[in-house]
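Look for subunit A in each of the two complexes below; its partner is subunit B in the first and subunit C in the second.
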Partner chain A sequence: MGDSQYSFSLTTFSPSGKLVQIEHALTAVGSGQTSLGIKAANGVVIATEKKLPSILVDETSVQKIQTLTPNIGVVYSGMGPDFRVLVRKSRKQAQQYYRLYKETIPVTQLVRETAAVMQEFTQSGGVRPFGVSLLIAGYDDNGPQLYQVDPSGSYFSWKASAMGKNVSNAKTFLEKRYTEDMELDDAIHTTILTLKEGYLVFLICCFCLIPLFQSNLIEF
Partner chain B sequence: MDFFGDEEEYNTNVLAIIQRNHELVPGALCPAASATSSPSPRRRHRRRRSISMAGAMDLPAKGGFSFDLCRRNAMLAEKGLKMPGFRKTGTTIVGLVFQDGVVLGADTRATEGPIVADKNCEKIHYMAPNIYCCGAGTAADTEAVTDMVSSQLQLHRYATGRESRVVTALTLLKSHLFSYQGHVSAALVLGGVDVTGPHLHTVYPHGSTDTLPFATMGSGSLAAMSVFESKYKEGLTREEGIQLVSDAICAGIFNDLGSGSNVDVCVITKGKTEYLRNHQLPNPRTYVSSKGYSFTKGQTEVLSTKITQLEPKVEVAEGDAMEE
Partner chain C sequence: MSIFEYNGSAVVAMVGKNCFAIASDRRLGVQLQTVATDFQRVFKIHDRLYIGLSGLATDAQTLYQRLVFRHKLYQLREERDMKPQTFASLVSALLYEKRFGPYFCQPVIAGLGDNDEPFICTMDCLGAKELAKDFVVSGTASESLYGACESMYKPSMEPEELFETISQALLASVDRDCLSGWGGYVLLVTPTEVQERVLKGRMD
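And then the complex of A and B:
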């Protein structure tokens, strides 16, 4: 297709109506480590595999799941450094929201603002899109919520979702296993099973949010 | 401020009387003896007493206001002696370090000039789970500055993954205040417990700070400081600390016009913070009339009656109830 001529410039549409750079960014995400999330009736869980390049790496220094506010957490698939930048920006936005409205930021608002940042980088000069997809899990007045944000800046609310390598297998597995009235413990169990489905898993990071805005980060 | 020092030859008797006048007025305000010369007022008192041995007058036995010198003051004012002005920070805020941590205290009166704007405001602000800050000065400035630094500390906690330190809060506050060159009128008592131990600091509107075992700020600071200076000792227990802080705030409440209403206390120890809002209510508000203010007919004397008939301006036509 004539797309290849338009693949190097971010801010130029290809004849088929795509921004090819963003497609490439999604490919970068697709080759990142698997991460997934499940929304249960009374909480949300997000998890990812923590695969380190060598046994010599100090695993406590690698943080794949981060908290943005006491009741919102985020996991990614794709490029780690891009994730760090987004986490920093999101945390700052949450604080600015609080200072302006004296209300802890609702999950949807934070997702929207993060997505806006990601979109900015698809329409500016001299920058490239973020090479990460985020799964933002939060618990607020509207109950447990799970959102996926893509490099293009589009976001979707999911009941259960997976990203990264092996995503089709993981999603099929989730579709079979997911029920509407799942409890949080079931959700955690399902998450771990889904991750193990993929391949030999070394380390799993699990993050779950339950009512009363408590969040727990478990690593094993 | 060497006002007294330079004018020693002026008239020692007159000086003695002015000095005694300051000592008499409870919660006296030092002339321009603000942050910059905080250690000297106490020393000055001692110097003054030695000078004033000459024209000694009998002091009243127990506190209270003596009107003996009012005529003398009026005469001096006529001669052109400038009376000291009032400091605008209407507050008493205190802090002290006890054996397990820090205790902060504040009164709850917010003033707008001579009017009490808020009888029960909160002057102890949250900075971090282990750090609280009392604020004197312009209420908006103290609120805004503490909110801003609290937000910055939260971001810092996320980035580092650690508990915030008191010196971090201190540095953020002082750099902000310094950059505004004293226009942000916030005088703060910052206290907290972190990994390095308990800390207590005072921050002045221009951006200077002090680190102290006990501190007072605001217009009632002298009243409160007198209580601290006489009763503070190292290694106080929690109950002693709270009692001493309450006593100091009460001294400010009762002796300073700019402070009043209730006592708020905050106790911070390693791993635990207790915010005792309205720990003491020494000024209960009693509403005399629970029936309200209704006036029965006949209580107001009718002097004259004039009835004016209004011309009918509107024709009321019959229509449906909800017809527009």
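And then the complex of A and C:
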């Protein structure tokens, strides 16, 4: 296909109107470990599988789910190091917002700014796109919210979503089990079931946000 | 003469029961000469938030333009109006940015926050916030204003009484200050309406 001639330069469109590097970034995401999130009536839960290459790895040092502010958390599928860089940038933006307005940043604003960073890396010279898709979960004055941000910088609000390996099975499962008035406990239960669908599970990280603006990180 | 006394100004804000009032004088001078008698010092940010800027008139106008710019962008991005406390933090940050070449203004911010709770604050030209539960003053007539407000203020006044009090306090104070006066402009804001009134005092 003519596209392959355009696959090495990020900042050149292919004749079919695609930026092939971004397509490749999405492939990198698609081969990463599954992560998913569900928005309940009174909170949001995001989870991922924490599969380690060997039993000798100190599992406490691996953090696949991070907080960006006390009431916003994020999980990823794709390249771990890229995730760390984005977390660092997003945390800084959240703090800059607080410094200016003395008010915690709303979820939509943080998502917008993170997506803007990811978009920058698809239009600058000498850089490559981030090889991660993020699921950002938060609770603010507009209630519980769940957003997915892609390497291209586009973002979507979801009621429930999955990313990474096995995503089509996971989404089908979520479509069947999701209800509008789910409580947080039901959502956690559904999350675990969805993750179990794919694999023999070794370790899962779960992250719950409840209306009291507390975030709980549970590992089991 | 200090740069803060170049144009002359008086601004005061008071808290009432689920309402607030913000008032200013109307004189614009160039040192001893009066140049205008209808100068606006109190500006609207949105329906429930007002800012009065005393001090150098050019800085007051420029600062107001910058603040309105920031607030309009905030409204577009966040799809909501700024809360008074948030706006006060923004003004403070903007003023401190110019720490070593400041705007020669002392803002007075007054607004209705969540649950129609009135909020007032003032700050110096570098952004040091001063919150108050009763009244805040600024301008060349500030010393007289402090005295007048302290003696005339009562907590939880109804809108009509608040209007009377703030008008009397303003007119009495600017009479003691040669650089401010030529009438007054009072804005009374309640959860349901905004009343603007122009006062006629000693026109000197």
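The definition used in the following text is that the second predicted complex is superposed on the first by the 220 of 220 C-alpha atoms of A that agree within 3 Å, B and C clash if a C-alpha of one lies under 4 Å from a C-alpha of the other, contacts with A are read in each partner's own complex, and residues count from 1 in each chain.
The working rule: contacts are C-beta pairs under 8 Å (C-beta built on N, C-alpha and C of every residue); 3 or more make two chains touch, one makes a residue touch a chain.
Everything quoted here is computed from the prediction, not taken from an experiment.
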Partner chain(s) touched by A:99 [first = subunit B, second = subunit C, both, neither]: both
Touched partner set for A:67, first subunit B, second subunit C, both or neither: first
Which of subunit B and subunit C A:109 touches, first, second, both or neither: second
Where subunit A meets both subunit C and subunit B, residue numbers: 99
Of all residues in subunit A, those that touch subunit B in their complex: 66-68, 88, 91-92, 95-96, 98-99
Contact footprint of subunit C on subunit A as seen in their complex: 99-103, 106, 108-109, 112
Residues of subunit C defined as touching subunit A within the complex: 77-78, 83, 85-86, 89-90, 93
Subunit A contact footprint on subunit B (complex, rising order): 147-148, 151, 154-155, 158-159
